[in-house]
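What follows are several structures.
Look at the two complexes coming up: chain A is in both, with chain B in one and chain C in the other.
Coming up: the complex of A and B.
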C-alpha cells in the first residue's frame, strides 16, 4: 500500500539502550561450534558488541526511562502529547496494551490515545505511517512513536542463528506538523503466507507456554532452541530481503520522482553487515550511503535499529541542515516498508544508557 | 576447482569437499558457512555474488559453486 503525507515531520529522536554490554568473543563458548568458525562468522556478519537488558527489564521500563528524561530536560512536555504509539513484539503483558502502562506510569492525560502495534523490524516505517495518519486530525498536534523490543529474553542463548545478533533498545521519535511545505512518500507490503519465517511458536493462545514448550531441543547445526524461543529461517529471511526490499525502495523513489543518486542515505533495518552490503550491491548504492554498523555496536534491536543508525552516524546532520533519507524496514509478518523523507533540524537526536 | 576446495577446507577443515555431491544434505555446510564462503569468494575473486544467488542449490557441490563463480565473471 502506498501513502503520501504532506506537511509532517520528525522533530526529535532519542534512543535508550541497556547499559549491559556483551561481547561476542566472550559469548562464543555458548555456541556449540569451533572457535574458528565463530570468528569467521563474527568478521562477516559484523558481530562484536551488543546491549542486552538485565533479567526482568521490560519495554515499558525503557520507554518510561527515555520519556522521563525528555520531560526532565524540557525537550518534551506531557501536555503536548496527543498520542502514544508503541511498536513491539515483546509487550509487557498479553493485555493490557503496554502503551497504557506507559501512560499510567508517566501520569499522561486521559485524552492521550494509546496504541500498541504488533510489528518488528519493519516497524519504524509502519509506526511513522500510523503517526502521520493521526496527525491528519486537526486535534492531534504531537505524536510519540516508540519502537522497542527486549527480544533477548525470547532468544535461546544456545541458538547461534539468533542469539549473537539480538540487541535490546527503545527508540522514541516525536512527530508533528511541518510548518514548511513538505511531502513524504511511503510504501508498505506484507505477505502473511510467509508468517512462519519469523515466529515465537509458544506463548499465545495457539500454543500456551508449558514445561514442554520450554524444553530445549537440538534443531540441527548444534543449535538448541525451545518453542518458547524466537525462531528465524535465516536463509528465508536473507532471500526475502534481497528479493523484495529493492522493489519497495524503488517504489517510493519512482512515486516521488527522485533519482536514486539524489538520496543522501539509505537507512535500513540492521540485521547484519553482510545482508546490508549485499542489499547495497544489488541496488548499486555505495556502502557509504547505507550504514551497516549498528549490529556490531548494539545488536539488532528490531524496529529501533533505523533510529539508532541515524543517531550513531548522522546525529549532527540530523540536528542541522539535514539530509534526504530513504528509510526501510523488513521482517516479521513478513513485512517490508520504505519511506522517503527529509530528516533535518531535529530538536534532539541522541542515545542514552538505561541504568 | 582446487582453489575452491582449499577455501572450503579452510572453512570446515574436518571435511573432504571433493567427495560429496551435496554439502548441505551431508552436513558439511550450514547457512552461516555459506555466508562465510560467499564473503571469502567475494574477497578472493574481487566480485560481489548477488544476494539473490545465495541459495542452497548454488552451494551443493564444487560444480554448482564453480558455475556460480563463472556466472559472476570468474574464469574457472
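Coming up: the complex of A and C.
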C-alpha cells in the first residue's frame, strides 16, 4: 500500500538502551560450535557488543524512563501529547495494551489515544505511517511513537543463529505538523504466506506456554532452542531482503520522482552488517550511504534500529540542516516498508542508558 | 565451473575442492556457510536459492547444475 503525507515531520528522537553490555567474544563459549566458526560468524556479520536488559525489565520500563527524561528536560510536555503509539512484539502482557500501562504510569491525560501495534523490524515506518495518519486529525498536535522490544528475553542463549544478534532498546520519536510545505512518500508491503519465517511458536493462544514448550531441543548445527523461543529462518530472511527490499525502495523513489543519487542516506533496519552490505551492493548504493554499524555496537533491536542508526551516525546533521533519508524496514509478517522524508531541525536526537 | 569451485572453497576456508566432494563432509559446512553460498549465488550468478535447495545438492557439481537450471529458467 502506498501513502502520501503532506506537512508532517519528525521533530525529535530519543533512544533508550540498557546499560548492560555483552561482548560476543565473551559469549562464544556459550555456544556448542567450534571457536573458529564463531569467530568467522563474528567477522562476517559484524557482531561485537550489544545491549541487553536485566532480567524482568519490560518495554514499558524503557519507554517510561525515556519519556520521563523528555518531560524532566523540558523537551516534551505531557499535555501536548494526543496519541501514544507503541510498536512491539514483546508487550508487558497479552492484555492490557502496553501503551495504557505507559499512559497510567506517566499520568497522561484521558484524551490520549493509546495504540499498540504488533510489528517488529519493519515497524518504524509502519509506526510513522500510523502517526502521520493521526496527525491528519485537526485536534492532534503531537504523536509519540515508541518502537521497543526486549527480544533477548525470548531468544535461546544456546542458539547461535539468533542470540548473538539480538539487542534490546526503545526508540521514542515525536511527530507533528510541519510549518512549511513538505511531502512524505511511504510504501508498505506484506506477505502473510511467509509468516513462519520469523515466529515465536508458543505463548499465544495457538500454543500456550507449558513445561513442554520450554524444553530445549537440538535443532541442528549444535543449536538448542525451545518453542517458547524466537525462531528465524536466517537464509529465508536473507533471500526475502535481497529480492523484496530493493523494489519497495525504488517504489518511493519513483513515486516522488527522486533519482537514487539524490538520497543522502539509506537508513535501513539493521539485522547484521553482512545483509546490509549485500543490500547496498544489489542497489548499487555506496556503503557510506547505508550505515550498517548498529548491530556491532548495540545489537539488532527490531524497530528501534533505524532511529539508532540516525543517532549514532547523523545526530548532528539531523539537528541541523538535515538530509534526505530513505528509511526502510523489513522483518516479521513478513513486512517490508520504505519512506522518503527529510530529517532536519530535530529538537533532540540522542541515546541514553537505562539504569 | 572452476571459478565457482574456487568461490565455494573460499567459503569453506579450504585451498580447493573437487566437483564431486560432498559439501556436508566439510566441518565448515554450517548455516553461516550456507548463507554465504546463497549470498554469493545471488550476487555473482543472479540466482536465489533457499537453504533447502542447497541441502538437496550432494556435491559442488550438483549445486552447479541447480544454478545452471535456475539461470536458464
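By our rule, the second predicted complex is superposed on the first by the 355 of 355 C-alpha atoms of A that agree within 3 Å, B and C clash if a C-alpha of one lies under 4 Å from a C-alpha of the other, contacts with A are read in each partner's own complex, and residues count from 1 in each chain.
As a working rule, a residue touches a chain if its C-beta (ideal position, glycine included) is under 8 Å from a C-beta of that chain, and two chains touch if they have at least 3 such contacts.
What you see is a predicted model; the values in this text were computed from it and never measured.
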Exercise for review: Report for A:59: first if it touches chain B alone, second if chain C alone, otherwise both or neither.
Suggested key: neither
Practice item. Would you sort A:37 into first (chain B), second (chain C), both or neither based on which partner it touches? Key: both
Check your understanding: In the superposed arrangement, which partner chain does A:226 touch: chain B (first), chain C (second), both, or neither?
Key -> neither
Practice item. Applying the touch criterion given at the start, work out whether A:282 contacts chain B, chain C, both or neither, answering first, second, both or neither. Key: both
Review point. Is A:28 contacted by the first partner chain B, the second partner chain C, both or neither?
Key: neither
Review point. First (chain B), second (chain C), both or neither: which does A:290 touch?
Key: neither
Exercise for review: Determine, under the contact definition given at the top, whether A:101 touches first (chain B), second (chain C), both, or neither.
Suggested key: neither
Point to revise | Touched partner set for A:241, first chain B, second chain C, both or neither | key: first
Review point. Do chain B and chain C touch any of the same residues on chain A, and if so, which?
Key: 37, 40-41, 44, 161, 221, 234-235, 238-239, 242-243, 274, 278, 281-282
Point to revise | chain A-touching residues of chain C, taken from the complex the two chains share | key: 13, 27-28, 30-32, 34-36, 38-39, 42-43, 48-51
Check your understanding: Mind pulling up the chain B residues that touch chain A in the complex?
Key -> 11-12, 30-36, 38-39, 48, 50-52, 54-56
Review point. What part of chain A is in contact with chain B in the complex they form?
Key: 37, 40-41, 43-45, 160-161, 220-221, 234-235, 238-239, 241-243, 274-275, 278-279, 281-282
Practice item. Going by the contact rule at the top, pick out the chain A residues touching chain C in the complex. Key: 33-34, 37, 40-41, 44, 161, 221, 233-236, 238-239, 242-243, 274, 278, 281-282
